[in-house]
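Look at the two complexes coming up: chain A is in both, with chain B in one and chain C in the other.
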Partner chain A sequence: MIAIVGAGPAGLSAAVAAAKLGQQVILIDSSPRLGGQYWRHLPSNWGVGRPPYFAKAQELFDEVLSNPLITRFSNAHVWQAEKKAEQFNLYVVRNGVEEIVKAEKVILATGAYDRALPFPGWDLPGVMTAGAAQSMLKSHGVLVGKKFVIAGTGPFLLPVATGLAAAGAEVVGLYEANNPLRWILNLHGLILNPSKIREGIYFLKKLRSLGIKVHYGKEIQSAVSDGVLVDGKKIECDTVAIGSGFVPELSLAGILGAKLKVGADGTVVVDVDQNQQTSIPGLYAAGESTGIGGSSLAVLEGEIAGSTRKGKRLARWRAQVFATGLQRVYPVSNKWQSALTPQTILCRCEEVSLADIHGAIDELGAQDGRSAKLFTRAGMGLCQGRVCGRNVSEIVACHLSRDLTAEERINTAQRPLAAPISLGELGDGLEKNF
Partner chain B sequence: MKRPEKSLAFTFNGVRIEAIEGQTIAAALLASEINVLRKTRLKNEPRSIFCGIGICWDCVVTVNGVTNQRSCLIEVVEGMVVSS
Partner chain C sequence: MTSQNNFDAIVIGAGIVGATTSLALTKAGLRVLVLDRGPVAGGTTGAGEGNILVSDKEPGPELELALMSRDLWFELGDDVGDSFELEAKGGVVVSRGDDTALRDFAKRQQSAGVNAQLVDGNELRKLEPHLAPGMNSGAFYPQDSQCQPMLAAAQILKRVRERGGIVKTGTMVTKFVIVSNRVKGVETSEGIFNAPTIVNAAGTWAGEISKLAGSFLPIAPRKGFILVTAPMPQIINHKVYDSDYVANVASGEADLQTSTVVEGTRSGTILIGASRERVGFDGSMNIDVLRRLAAQATSLFPILRDVQLLRAYRGFRPYAPDHLPVIGEDSLIAGLWHSAGHEGAGIGLAPGSARLLTEQITGRSSFMDASPFSPRRFQGGSA
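Right, the complex of A and B next:
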């Protein structure tokens, strides 16, 4: 039995590849719909056709739904995992009931989520991640505002800006912190992946035809209820969509003891070998959790993890060169910290401000993100530090005029539970074993 | 884009809200131009959706008496009682 966690591009392709080899697969996902965060789609009751780029997704959806070797667990959250002897036990909560999935091989395809950098006003309603605006539109047909500013860094902002404008929103500006001319220094990433050049040109044309102005090298200073401040000038809008790259979701990899490593841009990822196997025998990882690289790389990694097929390695290498280019062209420097004021909330769950963190360092002697967390509760709320963990540890290091160590970065990516679970759900015990 | 009919209804803090089948609580509320989903525990500040995908827990509400439910993940069911 192979258990796959996550039904996005990597998880779906892993499931299909494994089932083609005659393996029994359990595909576990927290959403009611297949596709993960990237292949979002409206439910069938909307009766809308699928765009051409959706062909690969549709092919995998059809195969997953029709192949009798693949069992689907949807609305299911893996909250804990262990390896005992040669077997993995995944503790899954589905519809309020806990079940154990037992498997000899586990493939983690847990994806990533937007990295959001704090600034004054980022906690106001109307400020959200680019992924949030995108998911509301693509999965629910809801435009979350009328007049948008899009800001942050990375190519993901392009489909978000053009998608919102095509759906009828006014996009008053896209503020890209970096300059894509940096690709000139990373040309091999593009030359090896001509489809990415075509994609880039497509979006540049689309931005122009939709009348969206892109401002390179610009960052938002602050947000108020009816606009944002850029270079001291107010730009009116009712909604701000932000994103500065992505944070891989590594909770389960960390719980199972897989070796994590720090990428060139400071992002923590799972360390995998040529077959996508982690440092734990039988535990594999594919997709964004092994490094942010987009859906085409995720599909290839999933196929390799599901079938350990060697034939896809060259294609994977080409896509990985592009992924490395992404890190170099769209880095996040510490510059964002200069926008913060003492009152800016850093930990949204526990409402911890920059002044609280500085107080923990200056008055209580906090030396790192962990001790700052213990003094202030930053990162102890419901999201378990997924939003603020990396930001707070970078702020602490900066305040102490030092760099973050790899160990500190890896610590902020780990958490004891992969998903919060109520004591009631635990107390009700196990329904059945798989 | 042609929208399916709003065939479901639930209440949010006592107000009747209509939703399209398959929409999450947060999606239905935002579509009804309700932007503030809750007030924070310590400073009573308004919050809405933030990550939209179940990571940040900013959009939590009480659903049929169960607290701390992520409104961006839970699909609307006819007659649901949602509060914050």
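Right, the complex of A and C next:
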């Protein structure tokens, strides 16, 4: 039995690859629909032309839904996991009830969440991550605002901006922090992946046809109740969707003891070998959790993890070259820290400001992200530091004029529980003889 | 050697015991250096609930220390300012079946000076309206209190610095300088520091520090988990214990014990402790422990069944074989003093221990007989 956690591009592709080899697969996903964040709920009547990835997504959806070897667990969260005697036990809360999934092989395809950088006013209602705005649209058909500003950095802002506009929103501007000339740093990636050029052209055409203006090298300075400030000029809007790259979701990898490592851009990822196997035998990882690389790389990694086939390694290498080049085109510098004011909230769950963090360092002697968290409660709220953990530790290190260590970065990526569980369900587990 | 490196006393450990001890020594007029290899409150202090309890202690020296310590906490609160969430929250011990043991225990505590009030089912429900039905007897301990222990340690150390003390975190003690069985100082990752008095307040690691000094102290870790729920409106007013908790605290059995302590916090989260395991420094998650804690908490408060568990954390309590803290001078190395092994009661007992140790170091008369806590009970030597 192979258990796959996550039904996005990597998880779907892994499931199909494994089932094609005759393996029994359980595909576990927290959402009711297949697709994960990026392929979530693809509309069957896609408006202005289908996106380039549509065909692959549809192929995998059809295969997963029709292959009798693949069992789907939807609305299911793996909250805890362990490896005992060559077997993995995944503790899954499905539709609110806990059950156990036992498997000899586990593939983690847990994806990533948006990285949001704080700025004055980012805690106002109407400011949200680009992923959240997109997900509200795709899952619920809801436009969270009428007049949008999209800001941050990275190619993911393109599908968000075009998706919102195609659904009827007014997108008054896309503010991309980096200069497009930086693409010169990824020419080799483009040459190796001509499909990416087609994808780029698709989105540029779409931006034009939807009338969305892209402002390069521009960042939001602050947000107020009815707009944002860019270069001292106010741009009116009711909703701001922000995203500066992604943070891989690594809770399960950490719980199972897989080795994590820090990528060149400071992102913490799962360390995997040529077959996508982690440091724990039988535990594999594919997709964004092994490095932010987009859906096409995720599909290839999933296929390799599901089948351990060597044939896709060259294609994966090409896609990895592109992904690494992308990090050079869209770097996230430390510049965001200089825009903060003492009152800027860093942890929105617990309402901890920059001044609170500086106080914890200067007055109470905090020397790292962990003690800053214990003194201020930053990162102790509902999101468990998924939004602010990395930002707070970078601020602490910067305030102490030092670099973050790899160990500190890895610590901010780890969580003892991969998902919440109700106390009732947790206690009832005693009677279930798992 | 510059005079900057000379101190009257060096305290090893920037947890709550090290913090309170260094403040007491500073107030007694000593120039103090605090050393910790990690950050402030990076060990057991940073993994605890902040219990300041008298309810769980048998009449005897530990209870005597706890009662003094509890009063000293509120003096500290006045001195340092209410900056660490100090609160006389009160404890409620609930009996599920035969309440004879609970009643006897409370009565013995009353004669030892504890404010313990026996309550019936109606009174229990007035104290805690959401308790499960069928709990018809308990005891109320208004003295039981609570603080935020990491903030407390940090604020107290801030006070130490304001009064001229030096706090060096990230500084590892690598060697003791000992001349004819008397401490002269320590070598550290940041240089050599001299002092005729060195206090070992290294908590769970106090055994290693003793060994480094050429002595011996049997302090071992006892692992515990705490569950933290999503924030919610206040529904639990006190620290609420299962009466088994008291039996577990005093027990020396190695295998796992769980008995619930449930309480709300200022931030709206609910904390559920406390398990006890002697498994060395194995930090792995024990799913079964989490289940038992959850089952016990929901059987006390069925309303918690739908509350989401947000995180769980673990810590290592430093315990001595007889479950009493070690407070006093080493019997092998002169000038080496210990204040360690407080197990799960370190926050509560810290200011009392600090006072007791400072009185001994400065040669003043002690507020209580300190001999039950002496390291000599493990090290031999004459008292």
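The rule is short, and it goes like this: the second predicted complex is superposed on the first by the 417 of 434 C-alpha atoms of A that agree within 3 Å, B and C clash if a C-alpha of one lies under 4 Å from a C-alpha of the other, contacts with A are read in each partner's own complex, and residues count from 1 in each chain.
Throughout what follows, a residue touches a chain if its C-beta (ideal position, glycine included) is under 8 Å from a C-beta of that chain, and two chains touch if they have at least 3 such contacts.
What you are looking at is a predicted structure, and each value in this text was computed from that prediction instead of being measured.
Superposition of the two structures on chain A shows chain C fitting alongside chain B with no clash.
In the overlay built on the shared chain, the residue A:Thr290 is in contact with neither chain B nor chain C. Shared-chain residue A:Tyr91: touches chain C; no touch with chain B.
Look at A:Met136: by the touch rule set out above, it reaches chain B but stays clear of chain C. Contact with chain B, but none with chain C, is seen for A:Val144 once the two complexes are overlaid on the shared chain.
Within the superposed three-chain model, A:Gln80 lies in touch with chain C and out of touch with chain B [touch as defined at top]. Within the superposed three-chain model, A:Ala366 lies in touch with chain C and out of touch with chain B [touch as defined at top]. Figure note: vertex chain A, arms to chain B and chain C, all at CA centres after fitting on chain A; angle 80 degrees, rounded to a multiple of 10. In the overlay built on the shared chain, the residue A:Arg377 is in contact with chain C alone; chain B does not reach it. Think of it this way: put the two complexes on top of each other by chain A, and the tightest Cα contact between chain B and chain C is 6 Å. Overlap of the chain B and chain C interfaces on chain A: residues 350, 381-382.
Per the touch definition, chain A reaches chain C in the complex via residues 80, 82, 91, 255, 350, 360, 363-368, 370-371, 374-375, 377, 380-382, 384, 415-417, 420-424, 426-430. The touching residues of chain C, counted against chain A in their complex, run 39-42, 46, 150-151, 154-155, 157-158, 167, 169-170, 227-231, 267, 269, 272, 285, 287-288, 290-292, 294-299, 304-313. Of all the residues in chain A, the ones that touch chain B in their complex are 30-32, 37, 42-43, 45-48, 113-114, 116, 123-129, 131-136, 139-142, 144, 167, 348-351, 381-383, 386-387. By the touch criterion given at the top, residues 1-4, 20-24, 26-27, 30-31, 35-37, 40-43, 45-58, 60, 68, 72-73, 75 of chain B touch chain A in their complex.
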